[in-house]
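Two complexes come next, and they have one chain in common, chain A, joined by chain B in the first and chain C in the second.
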Partner chain A sequence: MAVTYKLIQTVTVGSGGAASIDFTSIPQTYTDLLVVYSARTSRSAVYDAFRLTFNGSTTNYSSKYLQGNGSSASSFSGSTSFVSCYVNGATSTSNTFSNNAFYIPNYTSSTYKSLSGEHLYETNATAADMFLTAGLWSNTAAITSISVTSDVGATIVQYSSASLYGIKNS
Partner chain B sequence: MATKLVVDCSTGEVTEVELTAEEVAQREADAQAWALAEAEREAEATAKAEAKASAVAKLAALGLTEGEVAALLA
Partner chain C sequence: MPATYEPIATTTLGTTQNQVDFNTISGSYTDLILIFNGGVTSTGDIWLRMNSDTGSNYSRTRLTGDGSTAASTRNSAASSIFISAGTVGATANAIISIQNYSNATTYKTTLARFNSSTYAVASTGLWRSTSAITSLSLRADSADTFTSGSIFTLYGIKAA
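Right after this comes the complex of A and B.
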């Protein structure tokens, strides 16, 4: 029993914005990790994409995505350099932020690391895009850091936030 | 100077760290790649719209009605 979620750390971006948000020195005492973002970037488009990477590595990722917006749906494969999630861009409705969550089981194991994600960028309008992510990092190292950056070098804007949770299975 | 937010989970300390030259270069490369891809996408969309308008005009010149042209394009 005693399945627990514990907030390890949370951070909110300040007035200057940030190029990336990096969780470092992640404790190795949990079974799984959950990282949650509420974000918006300065990219001059309705949406932007986050690049999620582990331990500073930009190799050996693979991912599949399902996307739907109420009128159409699609699926596609991702980059080998990172796993993505979509967030609000600068031309989305003012003051709206994305919802993103990545679940990373067995992050300390010596096997490859799988992850799943659910995301949407909210525009307070008729259409809103939702995504499901299935990802794999083909690396046997324990995950000690997690980083997100904009796909296009944009700035993560003020009031965006990120929270890292640890989950124990006993 | 662009900064990143570094959250040290062992201490709880959050610091703003200036990007390294390598990180700045990567950001700029990402921005340029996106701008290039966006310009290509816009040029492709414009060319497609212009070709469609040209095709519609030629069909009209051949005597097709608006309805017939619309039916062809549907």
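Right after this comes the complex of A and C.
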């Protein structure tokens, strides 16, 4: 049986932290991509929002979010410069890292790229948020790199990690 | 690495089409995942049916966000499971998980995510049948079609 769900790369942040997590030179041999994050930043807040971008581009994004915090649900639209990915900040419960996943179908196609995201940052408090994301990058270029940075330029702390998987339909 | 994540079939539309079927699905997997990436030509929804059953044998719950409002809707005794919400548009995707689809003892349930430029959606579905699922149909509204170039892939996952 062919291997159709394959780990491409894992990045684990070392001591001192990192300004970004980048996957570059992504192979163009798969059908879909799945990228998962477990992350925390030095932002002095319960949460931070990674800015996820493709191919270094900061234009032509759109996104819708569905958010629940344990007591209410809401929806909002995102930036045109990136798609957000919510992770733990420095004031959330210590040793707690976020859980995030983005599925990107047909990332090599010449059509616009839609993506499906799911995120949560847990913390030992009354409220903690989870998000569902519908993202769109209105660009016909194949995705060759994926990058995330803190929304406020905070450091991505040690032990944060990200893994990129490739999925083939044949 | 789950070496049991296996592609069963892929369909890429060369022309517009109202419905895409996966037939004679093997019962040798534990779960199924159906991936849709594409669009519809008009303003309708996308729906899922099992084994060509058009009866009122489905229940469905949907959680939606359109950028300003979060909402939930539910129907019982429905004739299909809804996957999308609002206008699907030209570029959307859906990830549909169907657990324990081949057992002949219990009713079948689904979990789905749908994403378009206008909506983020999570939905669940129930098909009140103990029959093993041997076919799946993803369809647009009756007056609507999937766009040419839309891609549909069915994967099988084995627990062991």
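The criterion applied here is as follows: the second predicted complex is superposed on the first by the 164 of 170 C-alpha atoms of A that agree within 3 Å, B and C clash if a C-alpha of one lies under 4 Å from a C-alpha of the other, contacts with A are read in each partner's own complex, and residues count from 1 in each chain.
We adopt the following convention: contacts are C-beta pairs under 8 Å (C-beta built on N, C-alpha and C of every residue); 3 or more make two chains touch, one makes a residue touch a chain.
Model, not experiment: these values are computed from the prediction.
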Which of chain B and chain C A:5 touches, first, second, both or neither: second
Of the two partner chains, chain B (first) and chain C (second), which one does A:127 touch, if any: first, second, both, or neither? neither
Given the touch rule stated above, what does A:13 touch, chain B (first), chain C (second), both, or neither? first
Is A:170 touching the first partner chain B, the second partner chain C, both, or neither of them? second
In the overlaid three-chain picture, which partner chain does A:32 touch, first (chain B) or second (chain C), both, or neither? second
Thinking of the overlay built on chain A, is A:67 touched by chain B (first), by chain C (second), by both, or by neither? second
Kindly classify A:154 by the partners it touches after superposition: chain B alone (first), chain C alone (second), both, or neither? first
Scan A:21 for contacts with chain B and chain C and give back first, second, both or neither. first
Kindly classify A:112 by the partners it touches after superposition: chain B alone (first), chain C alone (second), both, or neither? second
After superposing on the shared chain, does chain C or chain B touch more chain A residues? C
In the complex formed with chain A, which residues of chain B make contact? 2-12, 14, 16, 19, 23, 26-31, 33-34
Of chain A, residues touching chain B in the complex: 8-9, 11, 13-14, 16, 18-27, 43, 149-155, 162, 164
Can you list the chain A residues touching chain C in their complex? 1-7, 31-32, 62, 64-68, 73-77, 103, 105-106, 111-118, 132-136, 138, 167-170
Flag every residue of chain C that touches chain A in the complex, lowest number first. 1-3, 5-7, 10, 35, 37, 63-70, 72, 90-93, 95, 113-122, 149, 151, 153, 155
